Amino acid sequence: MQTPFDTVILNADVATASDRYRADIGIRGGCIAAIGAGIGPGRETIDARGRLVTPGGVDAHCHLDQPMGDGSRMADDFITGTRSAACGGTTTVIPFAAQSRGQSLQAAVDDYHRRADGKAAIDYAFHLIVADPTPSVLREELPRLVAEGCSSFKVYMTYDDLKLNDRQVLDLLAVARREGAMVMVHAENADCIAWLTEQMLDAGLTAPRYHAHARPMLVEREATHRAIALAELADVPILIVHVSGREAVEQIRQAQGMGLKVYGETCPQYLFLTAEHLEQEGFEGAKCICSPPPRDRANQEVIWRGLDNGTFQLLSSDHAPFAFAGPHGKQAHGGDASFDRIPNGIPGLETRMPLLMSHGVMDGRIDIHQFVALTATNAARIYGLFPRKGTLAIGSDADLVIWDLGQPRTIRNEQLHHAVDYTPYEGIEVKAWPAVTLSRGVVVWQDGRYLGREGHGQFLRCDRPAPAQ
Amino acid sequence: MQTPFDTVILNADVATASDRYRADIGIRGGCIAAIGAGIGPGRETIDARGRLVTPGGVDAHCHLDQPMGDGSRMADDFITGTRSAACGGTTTVIPFAAQSRGQSLQAAVDDYHRRADGKAAIDYAFHLIVADPTPSVLREELPRLVAEGCSSFKVYMTYDDLKLNDRQVLDLLAVARREGAMVMVHAENADCIAWLTEQMLDAGLTAPRYHAHARPMLVEREATHRAIALAELADVPILIVHVSGREAVEQIRQAQGMGLKVYGETCPQYLFLTAEHLEQEGFEGAKCICSPPPRDRANQEVIWRGLDNGTFQLLSSDHAPFAFAGPHGKQAHGGDASFDRIPNGIPGLETRMPLLMSHGVMDGRIDIHQFVALTATNAARIYGLFPRKGTLAIGSDADLVIWDLGQPRTIRNEQLHHAVDYTPYEGIEVKAWPAVTLSRGVVVWQDGRYLGREGHGQFLRCDRPAPAQ
Amino acid sequence: MQTPFDTVILNADVATASDRYRADIGIRGGCIAAIGAGIGPGRETIDARGRLVTPGGVDAHCHLDQPMGDGSRMADDFITGTRSAACGGTTTVIPFAAQSRGQSLQAAVDDYHRRADGKAAIDYAFHLIVADPTPSVLREELPRLVAEGCSSFKVYMTYDDLKLNDRQVLDLLAVARREGAMVMVHAENADCIAWLTEQMLDAGLTAPRYHAHARPMLVEREATHRAIALAELADVPILIVHVSGREAVEQIRQAQGMGLKVYGETCPQYLFLTAEHLEQEGFEGAKCICSPPPRDRANQEVIWRGLDNGTFQLLSSDHAPFAFAGPHGKQAHGGDASFDRIPNGIPGLETRMPLLMSHGVMDGRIDIHQFVALTATNAARIYGLFPRKGTLAIGSDADLVIWDLGQPRTIRNEQLHHAVDYTPYEGIEVKAWPAVTLSRGVVVWQDGRYLGREGHGQFLRCDRPAPAQ
Amino acid sequence: MQTPFDTVILNADVATASDRYRADIGIRGGCIAAIGAGIGPGRETIDARGRLVTPGGVDAHCHLDQPMGDGSRMADDFITGTRSAACGGTTTVIPFAAQSRGQSLQAAVDDYHRRADGKAAIDYAFHLIVADPTPSVLREELPRLVAEGCSSFKVYMTYDDLKLNDRQVLDLLAVARREGAMVMVHAENADCIAWLTEQMLDAGLTAPRYHAHARPMLVEREATHRAIALAELADVPILIVHVSGREAVEQIRQAQGMGLKVYGETCPQYLFLTAEHLEQEGFEGAKCICSPPPRDRANQEVIWRGLDNGTFQLLSSDHAPFAFAGPHGKQAHGGDASFDRIPNGIPGLETRMPLLMSHGVMDGRIDIHQFVALTATNAARIYGLFPRKGTLAIGSDADLVIWDLGQPRTIRNEQLHHAVDYTPYEGIEVKAWPAVTLSRGVVVWQDGRYLGREGHGQFLRCDRPAPAQ
């Protein structure tokens, strides 16, 4: 007979990506040690009272304290970002260590470790952003960093300071193939956007709404097709991030149908926002500027469908936190900046899981197993954190959420825990919210109170992702 | 502290549709009561020695002791059929209670219960085959039978004694919608087959190989498109059974892409056989006559791809056991019967899981989680047996397989446990075979010995399937 | 030097399916004998004054004096029908000799000749409708009739008194293949329509508008897919008539892309009407009841696009003339008949060419060569009347239209020449109308006056169509 | 009565893109003045003896005396090139005035006029190649050149000295839209080719065959998708030149189905050659190096199908004449140059029409009207030369071919009239060859003798193409 558990969660209605059952959960050393009926005593006990318990979320796409090149500054660092995540049921985040041109990748990673060290309330890993794939990056830094636990990198096909040309993307894909890493692609055609932007600015069309006009669906479709073709050529899996609508979905499904390992991620903004949100009075529309931009209701339906039929593996937040007020956020270039000079991105770490639980599961669009897969399990698997993260199973970290499904509430920014002064989801009703969040067996959120501790969160070395082997 | 477990499986390398972990498994009352490290003593202990443990298979499409109208007789009844299943790692079978025209559906079910009672070594449920959808069948029998646990019915678009016209299919789909049942469709165009068959017989082309010529891919594609259209019209899910190749796959994927609830099943014969197997000398080809017929290697690849990319939810055997020799099987109409007078079907209950584990998982075409989903979890879910069957989770039946992955072997019919005198997979190498199979906690197969008992298997009442609600 | 021409058309702006040029046209013996600049004198001269001259229309799908089985009677016979056609620029019609069940096909043709003899003002050929494909029809009558000039037959997949099952369609396709005939298919799934109709009538939904609800797009898509599959199996061209919208267009384009000889026809009702036309007050909607029903604006756009991109070869009227008032037409079963008891069909012979010239060519959706191909040349070619009909070339019949493109007018039924008491296009503006129509060199319509003569029109024996050889 | 014709062609079996008839053709002033039966005397008479007469070919894609940047030199100038064209039935060529970087476009055109002046035996127009779209090119030169008769420009997505990036392509498309010009696109992804080439050279794979490996189908598919997307964005027609296989065809058909004005051209090399032709012994494979490379038989079938079903509008030669022997052609960089240093292109001006007549029309893959459209009419129309060129109609130039369809022959380079020392079609049988070719009424080829005259051919100012208005 073993010693008692550190903590036992009693009477949980457990849901994983494949299972649903009633049980007690025994936690020891921050991990799940036993699951069953009456498994024995714990030093601490949390009575789940029959409530739904799911794996803690893995938000595989978010930006925290990422250095900006344009004078703007992100509102959330690792303290406020992970706090907000925990309060929304997310127990792992994977933000980006972003190389700037001329910088070594290792330097970017070192810098990013310094930004994270001792601050995070939940565990975190790093994706790499490769903006300058020099020979030494390709031949030395990437292999070493992959081996050391940064096994995924994001490639940009747009943004002047980040974009790579096709040749550079191919070089990175070749490294990914050799090293067994996963490549994420931001798929928008830079030249098309520049051409459209110039036309609009020439015509005096500078309001926030024109951001959406400068990045129409075909700009994303084209880049998606191209990214898939490059990956097919390099014979390596890729993941298309933040897919916004039908035309890109069709490209991805077509590739999946041909047997290519093409993964898809979408985000709440493509389910809950439309381009009309950019058309608000004055500068208000800037709050919803992100890339790709939200589309329309018909495209929202296609995205929902893609969550249900397996086109998408991930629902991430793409949390990119810029304050609306003040000199560092959306108005970094003034309160009447033209749309192309407004920092891109919206916050969403805390609202991601409640929105999907409420409007996805409880409204009958997806089932609870899909919810778990989309918010946790698949991300862990695709980025080499499985089975440590992303599920509730013996030996996994005791990262979990006990849900309160009974109390409808309205999303209000004042009740969120990020450092951003707005949420684009203000006013949306949800019927679900985490009652309790545990990170490695420790309660970080309970009954509306944040109980997390700076430094509790640890850096996670990612294995080489299974799909990339 | 509870009483000891009935059985504890030590040191299992557990794989489910979503998880993979090392643990002991505690079984009590035929169910899984606890999973964890060192969970406590059991009255009996099975040391898995770190071997892979998966949920026992659910073979959701097999034919056992089904009355035939043409003078043929199935070689396997519930005794030999479930024995064979158990030895191959399958712990649940769902054969068909088949109505004949003029017969009440209840009578068919009653008759089928008599055939099963006291004979099965593993648990079983019934699908219904509706060949005569009279008003009383539609309005009284089906609703009652669904309520009583027969919540799925198969519809035939071909075979003279079973086929329904589009109107009858719609009527059944409407019942399925109202009652929350699942409709399975055998999709081949009867008129096309009859027209081609007549042309071949007229031309003196009677050998077994012409079976495949009389049922080309387009005959299946057309019926698949039509079945999907009927289901779309009736606004109800359907499942296309035994899909054989690309053109049908494309129809299904297209429908899934449009958001329709169209499920797909395929079978080992479409992965391991081709039409060339029907071209063997003399009457040998009859051994591989089944409908739809096996296609070619390019179509096999498409089927493998469909298992991997989520087009298919199920891999079933479509076990339809006819002896090659003797007066009741393939030669029921003589040893030189024309292809249209040879009983359709091939055996496959016992080989299904080893073939997929070996050539799917171990050869790297699918992962272990897909294996579990395709052979067990999805079937349980789609047919209303989840979570009792199809997974390893607290409260589920202790149906499981401990795998021997170390000893390559060659499939030989003499080593199988069905009552059929051949296997179409004779000579194929496999690298995996069940070492131990448990049915509700009871060992039914161990180290090459069948330990099952007639009557251990129980009839399972199926719930209304979740996807049909 | 030859004798003078019978007639010379001076100064024509000639447009054919491929050419556009200024010339005089010399007519001799009812045929075009010479085209050129200053080709010499004619006994009669028509000065085209530089106006557009096109081949006379070939309306390859219209119903005239066709015996009905339900007590209704067509308003137009060969006198009024061909009169109306001539006034709208059509110089050849191909109505249907329709077999009724139990009748020999020859008897149907004989009867139809009696109905046409001595009445037509323009030339005509016959399609056959085969409603009862008995062995003698298949083996004797069809081969003989094809040889004698009835080389196309229409097959119905719906309508209780006409519909054939798949096997019968295959038998007819096989005859078509052997004899080199063209098969036209009315593609709607009869069982689906019957099932929906019953549901609507059961629910008391009997108004004309429910006609459209009982025949949704998928009913047409399914039958289109099936018809194409049958033709693919029989290895023979087919033509899908009266295509109404996107889903059917996609099936046809897909087949064309695969290299199948699948032709498509559409009609003005799918360009100018929508299902809303069936929703008019009271029984008015009955005026627009035809099958398939008009769809919506998005589908209209798809149909326009299909005219432009080559998906469709034909624009026909599907003129099916039933009076709105009186006991023989739309109200044959009463002024409040349920939608399923209202004769199907709308008039359109006279308006077909002006509508397409005006809204197609002059509005820039198609060019003048496409207009000629769609209204004349392709029909002649597909039905074995080329090069006698359908073009302006040496040796062709002098069937032509001199257009008045200068005077906008509003379509009013009172100005049309059919015997129907309404037109569904009432009130639509057109910018084009025939100024002069010639049939075999004889003026039949000029400056608003009908100059045709009963009996001038001759029966045309159709050759075996080139695409079917 | 007019004066006699200059020439009368008696008893012609005339075929145009839409018509087929027997007639005499009267020519006056180099143009067709009359067509008819017994139209009157001519000063000269050519008895066609009932032989097939078609419009002379318009080869809309060929390279003659085009300055090369790599030390190679084209074997054909305007003398030998137009001679060869005439002998093969082509009466109009449209080669390319190619700008080099740093050069003004006007200078390129001026230079090209000097190369053509007084040399051509048949008429010619110029496409522009824009390799350096400077502001003055975009704003001044192109508008002026379009107005002066160079209304089409080719854009390269590959080749280091010619390729434009997406932004530059968009700028050119915008000019095309404003000026009503047609843009032709060479669609291959330069970065992919460079990446693959480097890999092959690194691996020592330098033989001619690796040219095909460095330019796989997906490289063309990707660029085709991208080009279409750019044209869709700029809202302007484009024409994809030299399409080689299925994946590109699918992109084009998809776009056409969506209603985009996307035109397609293919070439004989994609019908008659495969990648195996590059695998010949030693350096022989260099003879068939062109871009995109020939594919395989399955792709050939798709190309044939695309000619038949309307996907392609043009069959051009892409004649790019490099001698195999000598220091200026294929061996400009040595007889063992690596594949990336071998001049790209193959000759084909003279064989284009006989190959298509023989293997297309006479073998039943396309009909004679499609032949005329593909080889003459469509090119004239798409590039603003219609109706002067591309058809046989009143007022058109008397450019025509009288065919000899009776004498099979084998293509031998020694019998061709270009200045290249090989033909890739050596040894292919053809059943058709021009008996007589007329250019503006003047015989330039008759009974195996070249009768053309340097300087007879005139520069043609192209109108703004109708499809681009």
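Labels A, B, C and D are assigned to the chains in the order they are written; within every chain, residues are numbered from 1.
The rule is simple: contacts are C-beta pairs under 8 Å (C-beta built on N, C-alpha and C of every residue); 3 or more make two chains touch, one makes a residue touch a chain.
It should be emphasised that the depicted structure is a prediction, and the values quoted were computed from it without experimental measurement.
Trainee: Among the chains, which is located farthest from chain B on the basis of C-alpha centroids?
Mentor: Computed centres place D farthest from chain B.
Trainee: How many angstrom lie between the centres of chain B and chain D, each centre taken as the mean Cα position?
Mentor: Going by mean C-alpha positions, chain B sits 58 Å from chain D.
Trainee: Taking each chain's centre as its mean C-alpha position, how far apart are chain A and chain B in Å?
Mentor: 39
Trainee: Using mean CA coordinates as chain centres, what's the gap between chain B and chain C in Å?
Mentor: The mean C-alpha positions of chain B and chain C differ by 52 Å.
Trainee: Just curious, how far off is chain C from chain A if you go by their C-alpha centres, in Å?
Mentor: Each chain's C-alpha centroid was found; their separation is 58 Å.
Trainee: Residues touching two or more other chains, restricted to chain D: which are they?
Mentor: none
Trainee: Pick one for the touching-chains graph, please: line, ring, star, complete, other.
Mentor: Drawn as a graph, the chains make one closed cycle, so a ring.
Trainee: If we count contacts the way the header does, which residues on chain B are in touch with chain A in the complex?
Mentor: Against chain A, chain B makes touches at 1-2, 14, 16-23, 26, 33-40, 250, 253, 256-259, 301, 305, 308-311, 367, 369, 372-373, 377, 387, 391, 393-396, 466.
Trainee: Which positions of chain B touch chain C when the two form their complex?
Mentor: Going by the criterion above, the answer is residues 165-167, 170-171, 189-192, 194-196, 216, 218-219, 221-222, 225-226, 229-230, 232-233.
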